[in-house]
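The following pair of complexes shares a single chain, chain A, combined with chain B in the former and chain C in the latter.
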Partner chain A sequence: MSDVYELTGLRQLADHLAREARVVAPQHDGEHRCFALLSEDGDLEICREPSQLPLAAKPFLFAERESLFVFDGARFVETPAPSEPLVLFGLTACDLTAIAYLDRFFEGDPHYVARRRAALLVGVDCERGCRDGFCDAMDAGPGVRDGSADLVVHTAPDASPLLFIGSERGAAAVAGLALEPAPADATERRARGLEAAEASLGARPHIAAGIARLDAGEVSAELWEELGLRCLACSGCTTVCPTCTCFTTTDEPEGDGARRLRYWDSCLFEGFQREASGHHPAPTAGMRLERFFRHKLGEPVRARFGRATCVGCGRCESACPAVLGIHSTLGRIAAT
Partner chain B sequence: MKQTTPSAVRIVAAYDDGQDARHFELAPLSGESIASAVEPGQFFMLSVPGAGEAAFTYAAPPDARGHVQALVRRVGALTSRLFELEPGAVLGLRGPFGRGWPLAELRAQRVLVIAGGCGLAPLCSAVDHLAARGAGALAVIYGARNPDSQVLGVERGRWSGRFPLLETYDHPDDPDQIRGTPIVRLDEACQALGGAPEAALVCGPELMMTRVAAALRDRGLGAGRIWLSLERRMHCGDGRCGHCYLGPSYVCQDGPTYRLDEFQRLQAESPPRATELVSVHHC
Partner chain C sequence: MGTLCSVATTCPFCGVGCGMALRTEGTRVVGIEPLPRHRISCGQLCAKGYAAAQGIDPRDRVLRPLLRQGGDFCETSWDDALERVSEALRDAVAELGPAAAGVISCARATNEDNYAAQKFARAVLQTNNVDHCARICHSPSVAGLRQTLGSGAMTNSIDDIERADLIVICGCDPTENHSVLGGRVMAAKLRGARLLVIDPRKTRLARMADLHLQLAPGTNIALLNGLLHIIFARGWQNREFLEARVDGVEAVAEKVRDYDPARVEAITGVPATDLERAARMYTEAEAALLCYGMGITQHTTGTNNVMAVSNLVLAAGQIGRPGTGINPLRGQNNVQGACDMGALPNVYPGYQPVADAAVRAKFASAWGREVASAPGLTSLGMQKAARDSAFRAMIIMGEDPVVTDPDQNQVEAALRALDTLVVFELTLTETAKLADVVLPVASFAEKDGTFTNCERRVQRVRAAVPPPGEARPDWWILGKLARRVAGYEGMAYDGAEAIFDELTSLTPSYSAMSYPRIEQRGGLQWPCDAEHPDGTPYLHAGRFPIGRARMVPLEHQGPAERPDSEYPLWLTTQRLHYHYGCGSMTRKSPLLERETPPGLLFIHPDDAATHGLVQGGGVRVCSRRGVVETRALISDQVPPGLVSMPYHFKEAPSNQLTNDAQDPLTKMPELKACAVRIEALPAEVAPRTRAELAQEAAR
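Here is the complex of A and B:
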């Protein structure tokens, strides 16, 4: 990233981008905070809050429920995903790392690719670590990773935000905006800010220790089954996880034919692998829980995708009503 | 881009082919195209409009007219709906998907094929291929629940006399029929091959396959010379939906055919618990 500018505020950038595309950003929605269409009086200071939004922006790229095609009684007609320009504003480093993984995983998926091509990614460095975050341990934050966003904003208390251009597409998106060149020490300021953010994350020794035990095959089936007894199969973890990609399909009757829908599925559901014959490769909750954690953290998956599929956002810790989130489970594994 | 919308095919012909099993011939509708290059052991995703989509094997790859042969067993909602359809009904087809049998490696070898139940279907075109080789012996052991549940009658009739085809039954109808799993005829098959097999292709219920593989290993065949074909629930066929995982592998992409040593390495990540044995139903 070579081009750096100074912004008068986050609004300056968001308003400019809103001239060409819908802008989705973290918003206060009554009592909740979520990604939503940016309103004129929407407060973007939320992007600076040191806590994670409960849900990532994943549904804007991989829809929770969408139509794949319609069968009209004679032919199958594709129903393409919307491709209107969209700006995803205020993405954290961990969520951007997750999107980079989704790009790789869903390469060739026409519905994901259509939405993704239409989306401009605007990242915001985290000023401080969040409660459950361990992005540093997963090489996913707190600073936005190079190449993962089109534009990167770096904020700091009592200073104007800095804008780093992350891609040619990002440069083109701000081409019409009158921007002040950043002070000469901008890159250094960012490095100092990120150092402070990383320091605020604190030590999480159970993460590395838990992963090491997992890789060494030191977690017994009995422990997984004991933990699995508590799993409610509610799909909370897989819903909030920014890298969970599993889906199922179903047909809904329509006219003389049917519409094929796909929607998010969860590997924690009892029927996820159950076959029509009754054969079930993962018949116990412990096996399914083990699968989830191995898929997020295990060495074979790291080898396959070049990184862990966990980005350290910590959302599953808050989402799980059975205290089986990543800290609870890795903590238990590390302590056993 | 991956093909997520199927090509339209129609049922050209269908006939009963074993208990609760039917043989379907499918042909692309005019203006629709389906891939013609299919390896034995690959599979396709079949859409039954209104009922959904599931994975089935090619009993025979598409012929010059693009006609596909499939053997389907009625086990659930989708196949029950399919069995109600008449010739002319329109279905959707995507494929081929997955990795087929390693036939290029078996060119002149003594090959033993072992199938259980409708596990004969993914092996059917491989058997045709192996039987047509100029060199290399072939023997097939086919186990079924009982004579009525044997599938692919036309194909087995075609094979008769061309190579040893040894049959076994869980529940024989008469005393001449051999009772037991394919393992009970393993030694006989080795003799018929003219020596210990140099490779084995196995397909059937997972428990049957692991037991057959163990029996082959006991007779000295290496884990690198035994191949299995797995069945898993699938909702995409091309590595996206996540359902067919086997450790870090997706059966739809890396399988459905696995070499025994690969399968064992992948399975070691999450070994079957004792409870799994309870849930296994024979095909």
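Here is the complex of A and C:
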């Protein structure tokens, strides 16, 4: 990152970007927060507590329900993926790391790729650790990772926000904005800020210890079954996980033909991997839970993608009604 | 287009009342997100909750009023449909009097809809023939607990699960049916609370429990009397509490003398040593929270079962404090509200008795219209009267009794015997298929209102999308009918909030509620009145609504039907996490539908072996009342001698088999115990659906 500027406020940047594209940012209506279209007079209140934004911005790139094509009785007509420019504003480092993973996973998926190409990513560094986050342990935060956002905002309690340009596209997006160059020590200030944020993330020794036990094959099938007994197959963990990508398709009758839709799915459902013959590669709830965690943390996945697919956002901890979130499960594994 | 809208509302499925936001795209709900700041669900939902978007998808919805023409339906205008319905209602009343018409309201509908339903019956039709399906889940709770404590609702709050050091789960399966609440129980157990489960089935919580009393079906009173026997014999009762606050103690102590552990072990199959341990755990706990469900209520002794549970709770003094209480887990999202709103033949909103002339006068004057004075019929009563040609016209609001009521064949016969059946529905359910007129209604995602969850918390429901086609809220339809049937303008509301404001003015326990206050407080728990403006997290702190609580001596009485040589197995019914009620909403989710075959019979490995059944194989189940074919799920969830069927599947409806023998007081049918015989279907033969079996019988 070479260019650094000083912003008068976040609104200055958001309003500028809104001239060219729809801006999606954390919004709230009473107690309810989510990523939604920023209105002209709406508050722009950055939320850096992932568990408070359960779905992050994932639905804007990988839609929870999406039409793929229509068969009208004679021909297949592809549903074009939306390609209107969109700004995803105020993404935390962990969620940006997750998007970098989705980019690789969905490389050949025209719907994902179209949405993603149309999206400009604006990240925000975290000022301090959040309740369940362990992004430091997963190399995903608290500072926005290089190359994961087009623009990065760094905030500090008593100073103007700093804007770092993360990509050419980011540079182009702010080209028309009259920006003050940042003071000479901006990069250093950011480094200090991130150091403090990292220090404020509590020590989570069970994460590394749990992963080590998984890798060493030290977690018994009995322990997985003890944990799996509790799993309700609610699909909460996979719904809120920013790197879960499973989907299913169904054909909905339409006119003389049908429309193919895809929905988010969950590998914790028994039916997800059941084969037509009745054979099941993970027939018990414990085996399905094990597969989930191996897929997030295990060595083969790390080797394939160059990193764990878990980004340490901690969302699954609060979404799981059965106390099987990442801290509970790795904690239990580390303690045996 | 991206998903840009998200509206916070309350889950439409079970009585836990989780908060969810509906994510919309145009006029369609495309996804669900949990609400981390929600008072109850704290960012969690169960599989049904996450699948709610598919459940209300406009596909398959009834979009315009439908009229029966021969075997088919044809679409018509609202004007025509309303005119025909009004005429039919007027005719029925003119011919046989107001007793010949009635309304079955709905435990899934909002408080506003339920209030409108009972007002329509009482003020417009001039009848107390109004009921809803609490009859088949918790009417015994209302009847039993009103006698013993003075209130039939859950005494404590869901949060209290965290405050209890012992949790007793009696005849309910909360991780399946009230999953998010069940999750709280698991979390409490992991944090060190003790767990005692009383259930014939080895449920998930039974597997995690410190102690599981696996009693024989229908032996609840014997077991509970047995626990009381031990408690009184050892002097473990809470003397101070009993002296200060309870009547009838002596008579119960006397009665349970007959229930010594050896005799109780013989009746229930529960070892005497376990009875002793359970009695000790419950009386020693600082705070013991007891939950019960349909394993208690769905019996011919339902009301007595409830009172037997209440006896135990009172004897130990585990009530009136945080972390304690007697907590009926209500099945449907708004069954508490439907009862509170007086969608019952014997009470007005707030349980104000129909029999009380002063109450009737209060409502007549507020509504500006005479109200019915003759006692009303229950839903089973209306069905019976219909079969006897004494009842002509029925409105059913969004319930599917053909699938969910016991003894389907009788229900169908009753509905066919009506002159006019009007069904308010989202889709063409099995019940709607029998209707003369089907009126399209708005789903929970398409209307404003309130639901009351199982812990008495009134929460907001908010419209996220407009209703599809010409669908309308139930209260809107009733308002239009009121004008046409009786020229009555008192139900022409301009919105749900106007109804809520009217009902709070007439319902003392809701009197300090309003939409803005509900929103500010994250819901309000009744009683919420001048004395408790912020609601009441637990009931009966200083006194009971009836002053002193009552213990009632009870005798064990087995189920009406027992296994014999011809029908050698017990059949019980259950629910699955993935489905809700008759499945008309949850089964539209491809993910939930994929989880199970359409119909299941849980059977113990030993019984499966005896009958030559294989996992997933076809099985024919026969009772004295009917036949069902389904698939075997071999599991030690059930003990030998007991088989269990979920009731969500119209292909394999357990209600073809169950007994309609009833609790004498509440007419609650015995859905939890009857006798069946089973036979394996040949390997290549697929189970036939109910419709196929019926066709074959006709041939």
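Everything that follows uses one rule, which is that the second predicted complex is superposed on the first by the 329 of 336 C-alpha atoms of A that agree within 3 Å, B and C clash if a C-alpha of one lies under 4 Å from a C-alpha of the other, contacts with A are read in each partner's own complex, and residues count from 1 in each chain.
As a convention for this text, contacts are C-beta pairs under 8 Å (C-beta built on N, C-alpha and C of every residue); 3 or more make two chains touch, one makes a residue touch a chain.
Quick caveat: nothing in here was measured; it's all calculated off a predicted structure.
Student: Once the two structures are overlaid on chain A, check if chain B and chain C clash or fit side by side.
Tutor: Chain B and chain C fit side by side in the superposed model.
Student: After the superposition on A, what does A:P300 contact: first (chain B), second (chain C), both or neither?
Tutor: first
Student: Counting only touches as set out at the top, which of chain B and chain C does A:L37 meet: first, second, both, neither?
Tutor: A:L37 sits against chain C, while chain B stays out of touch.
Student: Using the superposition on chain A described above, determine whether A:L55 touches chain B (first), chain C (second), both, or neither.
Tutor: In the superposed model, A:L55 contacts chain C only, not chain B.
Student: Given the touch rule stated above, what does A:R230 touch, chain B (first), chain C (second), both, or neither?
Tutor: After superposing on A, A:R230 lies in contact with chain C but is clear of chain B.
Student: Pick one for A:C320: touches chain B only (first), chain C only (second), both, or neither.
Tutor: second
Student: At the CA centre of chain A, how far apart in angle are the CA centres of chain B and chain C, to the nearest 10 degrees?
Tutor: About 80 degrees between chain B and chain C, seen from chain A.
Student: Based on the superposed arrangement, let me know which partner A:R291 touches: chain B (first), chain C (second), both, or neither?
Tutor: first
Student: With the two complexes superposed on chain A, say which partner A:A196 touches: chain B (first), chain C (second), both, or neither.
Tutor: neither
Student: Just to confirm the value: shortest Cα separation between chain B and chain C in the superposed three-chain model, in whole Å.
Tutor: Once the two complexes are overlaid, chain B and chain C approach no closer than 7 Å between C-alpha atoms.
Student: Which residues of chain A are in contact with chain B in one complex and with chain C in the other?
Tutor: Dual-contact residues (chain A): 248, 250, 253, 265, 272, 274, 278.
Student: Going by the contact rule set out above, which residues of chain A touch chain B in the complex?
Tutor: Where chain A meets chain B, its residues are 68-69, 71, 73-78, 105-106, 108-111, 113, 221, 225, 245-251, 253, 257-258, 260, 262, 265, 267, 272-284, 286-287, 290-291, 294-295, 298, 300-301, 303-304.
Student: Residue numbers of chain B touching chain A in their complex, please.
Tutor: On the chain B side, the touching residues are 1-2, 4-8, 29, 32, 47, 49-54, 75-79, 90, 92, 205-206, 231-233, 235-236, 238, 240-248, 269-273, 275-276, 278-281, 283.
Student: Which part of chain A faces chain C closely enough to touch in the complex?
Tutor: That would be residues 22, 24, 29-34, 36-37, 51-52, 54-55, 59-60, 63-65, 82, 84, 86, 115, 229-230, 232-236, 239-240, 248, 250, 252-253, 263-266, 269-272, 274, 278, 318-323 of chain A.
Student: In their complex, what parts of chain C are in touch with chain A?
Tutor: Contacts found on chain C: 1-8, 21, 23, 25, 30-31, 33-38, 42-47, 49-50, 53-54, 59, 175, 179-180, 182-184, 186-187, 190, 204, 207-208, 519, 522, 577-578, 590-591, 594-595, 616.
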